[in-house]
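Should a chain be cited, it is by its letter among A, B, C and D, assigned in written order, with residues numbered from 1 in that chain.
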Amino acid sequence: MRGKKRPQKRKNKRAETGNKTVSSIVKQGDWIILYHSDKHRYVVKVEEGKMFHTTYGSINLSSLIGLKYGDEVETNVGEKLTISRANFVDRLETIHKHTQVIYPKDAAYILIATGIGPGSRVVEAGTGTGYMTAILAWYVKPSGRVYTYEIRKDFYEKALKNLENLGVLQHVEAKNKDIRNGIDEEEVDAVILDMPDPWTVTEHAKNALTHGGTIAVFIPTMPQLEKTVVSLRKTGFKQIEPTEIQLRKYKPIPEELRPETLGVVHTGYVVLARKL
Amino acid sequence: MRGKKRPQKRKNKRAETGNKTVSSIVKQGDWIILYHSDKHRYVVKVEEGKMFHTTYGSINLSSLIGLKYGDEVETNVGEKLTISRANFVDRLETIHKHTQVIYPKDAAYILIATGIGPGSRVVEAGTGTGYMTAILAWYVKPSGRVYTYEIRKDFYEKALKNLENLGVLQHVEAKNKDIRNGIDEEEVDAVILDMPDPWTVTEHAKNALTHGGTIAVFIPTMPQLEKTVVSLRKTGFKQIEPTEIQLRKYKPIPEELRPETLGVVHTGYVVLARKL
Amino acid sequence: MRGKKRPQKRKNKRAETGNKTVSSIVKQGDWIILYHSDKHRYVVKVEEGKMFHTTYGSINLSSLIGLKYGDEVETNVGEKLTISRANFVDRLETIHKHTQVIYPKDAAYILIATGIGPGSRVVEAGTGTGYMTAILAWYVKPSGRVYTYEIRKDFYEKALKNLENLGVLQHVEAKNKDIRNGIDEEEVDAVILDMPDPWTVTEHAKNALTHGGTIAVFIPTMPQLEKTVVSLRKTGFKQIEPTEIQLRKYKPIPEELRPETLGVVHTGYVVLARKL
Amino acid sequence: MRGKKRPQKRKNKRAETGNKTVSSIVKQGDWIILYHSDKHRYVVKVEEGKMFHTTYGSINLSSLIGLKYGDEVETNVGEKLTISRANFVDRLETIHKHTQVIYPKDAAYILIATGIGPGSRVVEAGTGTGYMTAILAWYVKPSGRVYTYEIRKDFYEKALKNLENLGVLQHVEAKNKDIRNGIDEEEVDAVILDMPDPWTVTEHAKNALTHGGTIAVFIPTMPQLEKTVVSLRKTGFKQIEPTEIQLRKYKPIPEELRPETLGVVHTGYVVLARKL
């Protein structure tokens, strides 16, 4: 179909790609992956003058600046790591690893099912480590805004740092406040609750939402699920949809393809409802 | 703590909200929900001069312009419907209803797990009705771009209309082309494949991706899953993660809270892999 | 190893089988399957003088007596059906089809997990159609006994007929009694409860069970699950294990192998506990 | 409701139970549970002269003979354990703990779905540790028979010991033979295959089964599932039903009721088919 030129074109393409990567240079402030193997990969922000330590030896991050993506770099003990671009999810891992937060599968479903996107105004509580906040902030860019409430001072401060580090703080208004006392915002597109007693906030949420707005609640236990549904009904929310999202990982070996034997069986329930 | 002042504060808040909704007026071109009950709600774009027909009678859409969100409107047979803002997911329903497309749970996971966001450059095939294309376009706004390939002329043309209608066409480059013959783009952040034989495209995808880029494949059957994993390994992709996302809906009635008896048991498998 | 002889051996084997099937003759009172295709098969008890009607015409059951299993029989409109032995599960289908009862997957797990087997003495409530009763009776044969309680007279009488029809009535003591008023038996091996308010019976069950005996409760909703667990704990049961058993059917077509798209997502929860 | 008599009746009942337990005496050869707590319980056969060692000290098993079920016994370090009857599943645990065998949920479903029960004649391969063999033997009692094939001598011998120890050996004919070379039996009710390449046996199974008989195959991976279904179709089996049974355990604490976070996500697929 594309005829004789194709083999040639592909050679050219590689050449072009070669040229193109002239602009694909590692710069100060880039988030990168240092890849050794599927089990050992490291997500790190390139900061001049910093040393980065891995199981395979350490690397002076300054030495990466100016290299091309796809290049290999050697640690002080001679192990080779490949440099790749880190995407937003990779960066989030740096938060995810250290605390129990909402899982990507749940965060993803909440994001899509609430229709949150560029320009959305979203209220969230509690901030926790800022994991969900960061996802929301990332997707309401550039004109939207996330208003996040956290009652604990230490979490609030840690989250501020995380959000700054991830480069999304300018889209967030973080508050060290108890959302159970009320929501300051009005006419917001969505309210996301990941807290132990979301039923204390459903009425505030109803008032804060625009007509057509969505509330999404994440709770791990059945008694919480029950109380949440009761409360949403009483408050007059419509289209109440309690759901559970399950994710099974499969062994990526063709001749042994099957779900992994052990895994995460439960994270929590997601309840969606609309102000209609 | 919240003391005597609270009732007063809440009255004030309602008043403010009342004022604010002066700017919450239905305008020509708005997407809205006309809500009758959880089982009967209608998503429609407000277009002057058009009639909209429901099970509960019809409405002249012109008559909605200038009303406030939250207002009720009467059909020609006297039934009342409430006007609410439609979000992006509501709009997508207008596509989703008429064909078998990827489900929100799978689309959501692909979006988040690939790290696609504002500014991303994404290749997709096949376009189909444009459902996944629209989601991608919505989230790469404003500076990103979706390059979508569709081999069938009729699908391609229908998708163009859908994307325009959903207001995301300016972020999409749609091509009536067979992706198995090659990918024109380079250094893209992600390649999303929802087609019967994705293994014919894995090498093209590898070439098109930036270092660190992600491929995501959606396929319904086990033999397809096997062939996909085999092909991804052979092409040299890393961190191959075959997964299955399941979603169970629960009955939203507190005293009968339980998963629905019948439901969708399977949509497909999602395989993620990285160029590292 | 199996060499040239094999074809011969197989011929012999068939001949033997042919001889052997002299004793494999359809007799009055046998339960059989009349098989047309995977979607159309009929389970019926061979009763002299009875006509049996299918979508493919009717058959005088008398005419089957004396035929061999594996033979074909023709209906009055010339359609051919194959005669096979019905097993116990096939027979149960004749009950299962007409009412909502516990599913095989749940019944099976309860049977095995409680260790019920030949010689066991089991209390059950409510009898319902006798579906679970029949399974229990079948497996406690020949020396065991099932004591089953049913508050509704009509169910009780229908169950008696079903159990007689299935040929297990002699292993059952059926009672038209409210089990909430007490259990007559002592030192039983297991108590199986499939009723709306099992928590009203947990104390009776504790008294009726032998040391080491097991209670198994089947309930469809979350609030019932909660109340059951609360009650079992209060009554002093040990090793309380709430579980949910899910069964997914796969499409049996090799090139399209995948879970069925639609299916049963939930039947109920099974809670096991021990008197220890 | 039942008036004044009830308290009295309950006192009487306890008294009777007291009398009745005269016959509920621990005897030589009994299988018992020594219960300390939900996490520490021990299943053991009472054998005169043997010492039994637990985390909480040791017990001379002779000293248990003559005690009543429900009594407490003290270890040499003064810890108290309660004596309860072990049921058949408890006994199986002694096998289950030491090797990877088919899970109860899968064994249970195979048992019920094949209609195996008192009097059934069943062929099985491979024997393995004898776990599934023991279950089958237990349920075909007293007149049925299990024919089990095992190619490995060491497994075969270990299984013989296990089956004898569990007291079901008299219902089993164990063979140290490769079932791929043929099945000796004819007109059997069911063939159960738990082996790496069951497709090598489907034709033998077809010949060995009675008309109406059932084959059940347990295999862990997708490629095995595919090959099994292909083979069953080619051999002419009907009503081929590939299934997957999943079991989720819930936290048995009322106020935290929820599925356990981590657990077994996959054991294997069960394929059923009929000779019809």
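In the analysis below, a contact is a pair of C-beta atoms (placed from the backbone, for glycine too) under 8 Å apart; a residue touches a chain by one contact, two chains touch by 3 or more.
Keep in mind that what you see is a predicted model, and the values were worked out from it rather than measured.
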item	value
Chains in simultaneous contact with chain C and chain D	A, B
B-C or B-D - the one linked by more C-beta pairs in contact	B-C
Most distant chain from chain D by Cα centroid	B
Centre-to-centre distance between chain D and chain B (centres being mean Cα positions), rounded to whole Å	48
Centroid spacing, where centroids are CA-atom means, of chain B and chain C in whole angstrom	45
Two or more partner chains touched - positions in chain B	222-223, 225-226, 248, 254, 257, 259
Residue ranges of chain D in contact with chain A within the complex	220-223, 248, 254-268
Chain B partner contacts - residues on chain A that touch it in the complex	1-2, 6, 9-10, 13-14, 16-17, 20-21, 24, 32-33, 35, 38, 41, 69-70, 82-90, 104-105, 107-109, 111-115, 117-118, 135, 138-139, 141-142, 181-182, 186-187, 189, 207, 210-214, 222, 225-226, 229-230, 233, 238-254, 257, 259, 269, 274-276
Chain D - residues contacting chain B, complex	222-223, 225-226
